[in-house]
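Order of writing sets the chain letters: A, B, C, D and E. Residues in each chain are counted from 1.
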Amino acid sequence: MTTMTDPPQVEGFRIGQLINDTRYRSYTFQFIALVCLILGFSWLAYNASQNDQLQSNGFSYEFLYNPAGYDINQQPIPYTSQDTHLRATIIGAINTIIVAFLACVTATIFGVIAGVLRLSNNWIISKLMSVYVEMFRNIPVLIWIIIIFTVAANTFPPISEFRLPRDGSDPERGLLFGMFAATNQGVFVPRLVFADLGWIVAATFLASIAGVFGWKAHAKRKLYGEGKEVPVLGPSLAILLVPTIVVYFILGMPVSLENPEMGRFRFEGGFLLRPSLIALWFALSIYTGAFIAENVRAGILAISKGQSEAAAALGLRPGRIMSLVVLPQALRVIIPPLISQYLNITKNTSLAIAVGYMDLTGTLGGITLNQTGRALECILLLMLFYLTFSLAISAIMNVYNNSVKLKER
Amino acid sequence: DGHSGSTLATVQERGSLNCGVTTGVPGFAEPDSDGVWQGFDVAVCRAVAAGVLGDPTAVTFVPTTGKTRFTALASGEIDMLARNTTWTFSRDTDLKFDFVGVNYYDGQGFMVPADLGVSSATELDGATVCIQTGTTTELNLADFFRVNGMSYEPVPIETGAEAVQQYLAGACDVYTTDRSALAAQRAGFEDPDGSVILPEVVSKEPLGPLVRHGDSEWGDIVRWTLNALITAEELGVTKGNVEEMAAAPGDNPEINRLLGTEGELGAMIGLEADWAKNAIAAVGNYGEVFDTNIGESTAIGLARGLNAQYTDGGLIYSPPFR
Amino acid sequence: MSDTHAQSVAFVRKTEIPASPPPMAETGALKWVRENLFSGPFNTIMTLLGLLVIFYLLSGLIPWIVNGTWEGSNIQECRAILQGNGGGCFAVIADRWPQLLFGFQYPDYLRWRPTLAFLLLFAAVPPALFVMYLPRWTLIATAVYPFVAYWLIWGGTVLSPVLTAASLLAGYLVFQKVERRGFVLGLAAGIATAFVALTISGFITSAASGVLALELVESRAMGGFMLNMILGTVCVSLSIPLGILLALGRQSKLPIVKGFCVVFIEFVRGVPLITLLFVANVVLAYFLPPNANFDLIIRVIIMITMFSAAYIAEVIRGGLAALPKGQYEAADSLGLDYPQAMRLIILPQALKISIPGIVNVAVGLFKDTTLVSIISMFDLVGMIRGPILSSTQWVGVYWELWAAACVLFFIVCYGISQYSQWLERQLRTDHR
Amino acid sequence: MAMADTNPAQSQMKVSDEVAITITGMNKWYGQFHVLRDIDLTVQRGERIVICGPSGSGKSTLIRCINALEEHQQGSIVVDGVPLSSDLKNIDKIRSEVGMCFQHFNLFPHLTILENCTLAPIWVRKTPKKEAEETAMYFLEKVKIPDQANKYPGQLSGGQQQRVAIARSLCMKPRIMLFDEPTSALDPEMIKEVLDTMIQLAEEGMTMLCVTHEMGFARQVANRVIFMDAGQIVEQNAPEPFFTNPQNDRTKLFLSQILGH
Amino acid sequence: MAMADTNPAQSQMKVSDEVAITITGMNKWYGQFHVLRDIDLTVQRGERIVICGPSGSGKSTLIRCINALEEHQQGSIVVDGVPLSSDLKNIDKIRSEVGMCFQHFNLFPHLTILENCTLAPIWVRKTPKKEAEETAMYFLEKVKIPDQANKYPGQLSGGQQQRVAIARSLCMKPRIMLFDEPTSALDPEMIKEVLDTMIQLAEEGMTMLCVTHEMGFARQVANRVIFMDAGQIVEQNAPEPFFTNPQNDRTKLFLSQILGH
């Protein structure tokens, strides 16, 4: 019943095909788009070329190798004002990463606690958590940062109360446990000082941490292999602490705490958490925590009640239901938005500039830019840093997402 | 090319002068409670506007921070910058600006609470220092402490207001910025005597208005407007008597040239003959500007010091109008 | 009725058992309290902790609010009135309220204009948001609003907004006429018409700048919460169409268009807003025509719009992806071309799905407008950080000012997000 | 190939000699996957063809190629004398000749039933709105749901929705209708409503290609049944001989499965 | 009333005299709503009970109370001699005696079929993994899907998923199985697979309580059919007399509806 017909004739090219033919049409549109793009960019470039300020200054990153000339308070790597702008920039980048990392950790903790508690059937707690979440979600983070910075400066006890009065009497306030002092110039905490053999203690401690994981794996093997349940909590604690303590004393206490000591103006020694770091860290974590709380809540709610009921019907206890059934599933829902919250934290660290925390926007985008006047170069570099950071994190997120995707038909 | 060489024309066409100032330093540039800008730097802007446009209120004040001021000027957003900006070599050359003169000789100083018991900056080893960033202060500070072999904890703060707030709260022991600003801000304290300004002056800070490189005509206008104010003080021309002196030219040729009743000075810089008269009439002479905004009779209470006329042992000196 | 023994005996109910109320322990406030507050030792501890927190918060807050004073014109007077009773010095808010709202440069005798514009917002926004409940003609209010608001806030001759609106309308009408011959042609004709009309009306306005003129207020004079509102509304409304275009571009099969959109979106989403504001502040001026007088507020609007457009594009892309493929195919098989299918079938549905997401972006953006304070613009935060806190009258009054800022932002943001949740509920039951 | 007129309904339906669709040597790939292999098919005007075959055999793909919803890579498809090429004008012409019904109806949920039906006539055919609405009401009456005209699709049952979908296609006055498993997403009670509508359409002489496993329908209205497997046309015949005496083994196996259950 | 052994399968299934479940005077409220009223029910070991009744009559609730998934407020439930109280130990004991299958399978989507089946034996019964896997494979073979053991639930059809759910319960070696409408979410072809599995289970003498409307299944395997309405047991009887000669009016009405269609 089928009849063969000749294939349609090959036609010559007509101008009309540029618009009407699906094969050429896309080239036409792309060509137009490209032309528009090029026109747009050349317009910008033309304007820039008309600006003699820009012309005469040129575009160069030479300035990065000149001495910076300014001091930075929080120095994760050694730095003096004679070092280059490049080194100042690197310090800024490290400081950005430090505060971003700290804030991610605490924001997760706040968020998970608030998210879980918001689902609690305790009315007061769940309402309190709702208030927390709504409060922080609906007020700009910049305001929170500034408020917390102000709180730190105005409500922590002034450092003058810790100073030794010149008449030789006791200061108004002393160190807490002889180690800690929360002052309006920052929180002073002791620092670990490693003597010669100190690294052995540290290594032992790290090994113990590995040991704890080993014990967990062992417990699981035991359960899977022989059906024996091995206690985990007690032995873990023992593994964690006992060897380290023993080694510590055997080696004659090579690790010591360096407590802050009051100097002429402030505590010397020890470790200082600066108000700017505290404000930024705390504000970002509590603000982002509110968002994470919502993600966590949504993640847990997304796991249908049927799942926990089925697990309960199999005889699993609530703790196990959580760890074996609900959490593994909820995490798949929670982690992608969680990572984008981490990205937000990283980007929001740039608000450090409001409290004078010396992150990348404070060094490269702040003082370096001011001193050198190289606005274009500095801001380009600044954006490049954040962009690389963000893209790297999203790449990791994509890999993760693909690896945990539920298998479907 | 773009906008150099024609700033005057642009300003005249626009009918107003875009003048970059600080975001708020009492006495130097600060909006009053009605939102009208007042201050020592502001007066320079008004004088230029009066000279160029005949109207001291034809100024659009653009508040700038340490970071934005240079780009604002370079990009043409503002026509001149009168924002206590230190005249330095690199700013003049590398950044391609022209400083047209000095309207205030300043120096960086330190302020500490009186009860800290410090009487010299050399006793500040280990102190926490609040710095208002975006100026040369960080660099001077770093140099000072390095030279004296002392350590310190810098606390960079974006705005003067916040720096003061931190200082008053005790979050830093020392507040450093130009001594003029220190004095100005201390005047606003609840207890001004609770703080002392230390005697050390750690830097030379000649502050002055600046314009873009490349438009010398415009640079001349601003330069000579400033000089007109200075000369006016030297010659005794005041806001009060300038109209009179212009209406009835006396026999001092320099005054006559200044006020445009003699010679063609105005035309040489492309302005009306009475431009300087207008400027002086608008804001008064240099001394009056100083006294009304930051002088000893104001809350700021700065003495003339270096900023007295050279005839009184200061550094304020205008080239002759001739 | 225990006669249900196994298979031998059948059971048939003859009388109904009436429903009875549950035992006492199962109802009432007591049960509620027991179940919700004290259902176990852990829960009890949590309840007590919660009460403690509440007590602590209230014991700080209540005296501060109750004992606070609204009198006094500077901090000293305020302190004298309070006499250290722990109350707040709300006088600063009373004193600086207009500045908090309008900045310090907006002429005080003209403040009625932005206020009126703000009130009109309540007439203009609902038609756009409640499209499905209000008659369509109310959308006119939304369409007219931008021009009215512009005129009210910035002033100048009434001709400029009227003629601009007329030009755009003319462009739209031409577009509608020509569209029958092809969308692209229609678009080109529409844009060309609008462009020509705008140029002409530009001449007319500058020639007759006095017609029905309100006093001109410069962009620089915008400040306070008004600036946040202006930036928020303008940027969100501009970024929605831009976001739609970007989302469509990102879905497009044309590699160049798609590539550009992807790069743009990912770039903008990868950098902090503050760096874009720096660009607006210190770099962008180099790339715009000299003397074109793009003042800071316009440059900031450009950057914030680009920023939120990228985020909105992602939200809309989600909406597009959520549409079943069948909708695209049905549109194709009916013979609708791409622009028709998008306008009539795909976008109406995709946008509806995206509304909650867009509202989230809008709230986030509105909060982010406070960042302009960092580049020395005097929005609400900038006003507080700068002129108010540095003024000699009010140095040292932070809590009251920040509290006021929090309250203002909270009201607006919470209101918007509550609305969006309500909308979500409506949409879920819509048309069922 | 014998054409047995076993059904009273069939006797009324005439098949003209005019050719409606000619498919020659058509091949299609999805990436590396060869979905349609050397398809040759000629459909006369007025013919009613049922296509069946196991899942994944390419039935939907074939139907969708005719409507240019999918591109084919080799061979030619000529619909009503218009060759299907990459020329947009031809595609538009063909789409306005060919109506299509999907398994999942694909009504536009944000438009009322009436708007669903008038949308394409107004925007594609540029029919005045009034006229389009009249046509729409006419076809809605034909599928027996004129009273639902102002409801939204979400408010209708599946069977009603599928009938609206048919009416929507008819409003474009197509000369050929394609159906892709129009009843498979429906509950059993609703299947009948839709099949009745389709039978009615067939009686009016519409050229129809229908992918379906409703063998009753095939028996009642089809002129020809085509069996596809693995992207090829394996067997085609008039319904009676096809069902009672399938030739190919694959066909036999398939028929035993679907008729058996 | 006589037990008519109409079915060959039934004759093999023995009912012992031992009592498996005793429910006495059980009442349950949801808030103010009285959902179960004075339920009395005794189930012998080896009995197969089908529960039916209109939607909302409390069938699911009854089943779920037996497994302590819901709390009851009055009356007692004793399962295998263990009284159901709020004592966690008793609940654990009862749950390990009683298996349960849900309407929506509730397989764990993040675990493979095999892991689904071994999870509870390993963590609750502390069976070594190897042994648990052997048991699991045994039951998976029983429900005829041993070859799917390493797939994920999402990759299986509904019928297969429900059979996995049954196997998963069986792996805990329960003495009683509860089914809550195990087939109502399934496509018709798949219902049979699942029912076959359940019949096989019944033949092996498992005590079963099954909420279902599959009357064929009830006829074939049930010893007793219970009809519930408005939270009460309205009628119970052996299947034959229950279906052929219902006594209560509500039962009659209900049966006429579901058997009619």
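By our rule, a contact is a pair of C-beta atoms (placed from the backbone, for glycine too) under 8 Å apart; a residue touches a chain by one contact, two chains touch by 3 or more.
Bear in mind that the values here come from a model prediction, so they are computed numbers and not experimental data.
Of all chains in the assembly, those touching chain D and also chain E are A, C. When every chain is reduced to the mean of its C-alpha atoms, the one closest to the centre of the whole protein set is C. One simple way to say how far apart two chains are is to compare their mean CA positions; for chain C and chain D this gives 48 Å. Averaged C-alpha coordinates put the centre of chain C at 53 Å from the centre of chain E. Look at where the CA atoms of chain B average out and do the same for chain E: the two points lie 90 Å apart. Rounded to a whole number, the gap between the C-alpha centres of chain A and chain C is 27 angstrom. Chain contacts: chain B has residues 2, 67, 71, 74-76, 158, 165 touching two or more partner chains.
Looking at chain D, one finds that none of its residues touch two or more other chains.
Multi-chain contact residues of chain C, defined as those touching 2 or more other chains: 278, 282-283, 286, 290, 374, 385, 398. Chain pairs that touch, as defined above: A-B, A-C, A-D, A-E, B-C, C-D, C-E.
Considering their complex, residues 223-229, 304, 306-307, 309-317, 320, 324-325, 328-329, 332, 406-409 of chain A touch chain E. Of all the residues in chain B, the ones that touch chain A in their complex are 1-2, 4, 66-67, 70-71, 74-76, 91, 94-96, 115-117, 124-128, 133-135, 138-139, 141-143, 145-146, 152-158, 165-166, 169-173, 212-214. Listed in rising order, the residues of chain A touching chain C in the complex are 19, 26, 29-30, 33-34, 37, 44-45, 47-48, 50-51, 53-54, 117, 120-125, 128, 134-135, 137-143, 146-147, 150, 154, 347-348, 350-351, 353-354, 361, 365, 369, 375-376, 379, 382-383, 386-387, 389-391. Chain A contributes residues 1-5, 7-8, 17, 19-23, 25 to its touches with chain D in the complex.
Touching chain A in their complex are the following residues of chain E: 67, 69, 92, 95-96, 98-100, 102, 104, 106-110, 119-120, 122-131, 151-152, 154-157, 165, 168-169, 172.
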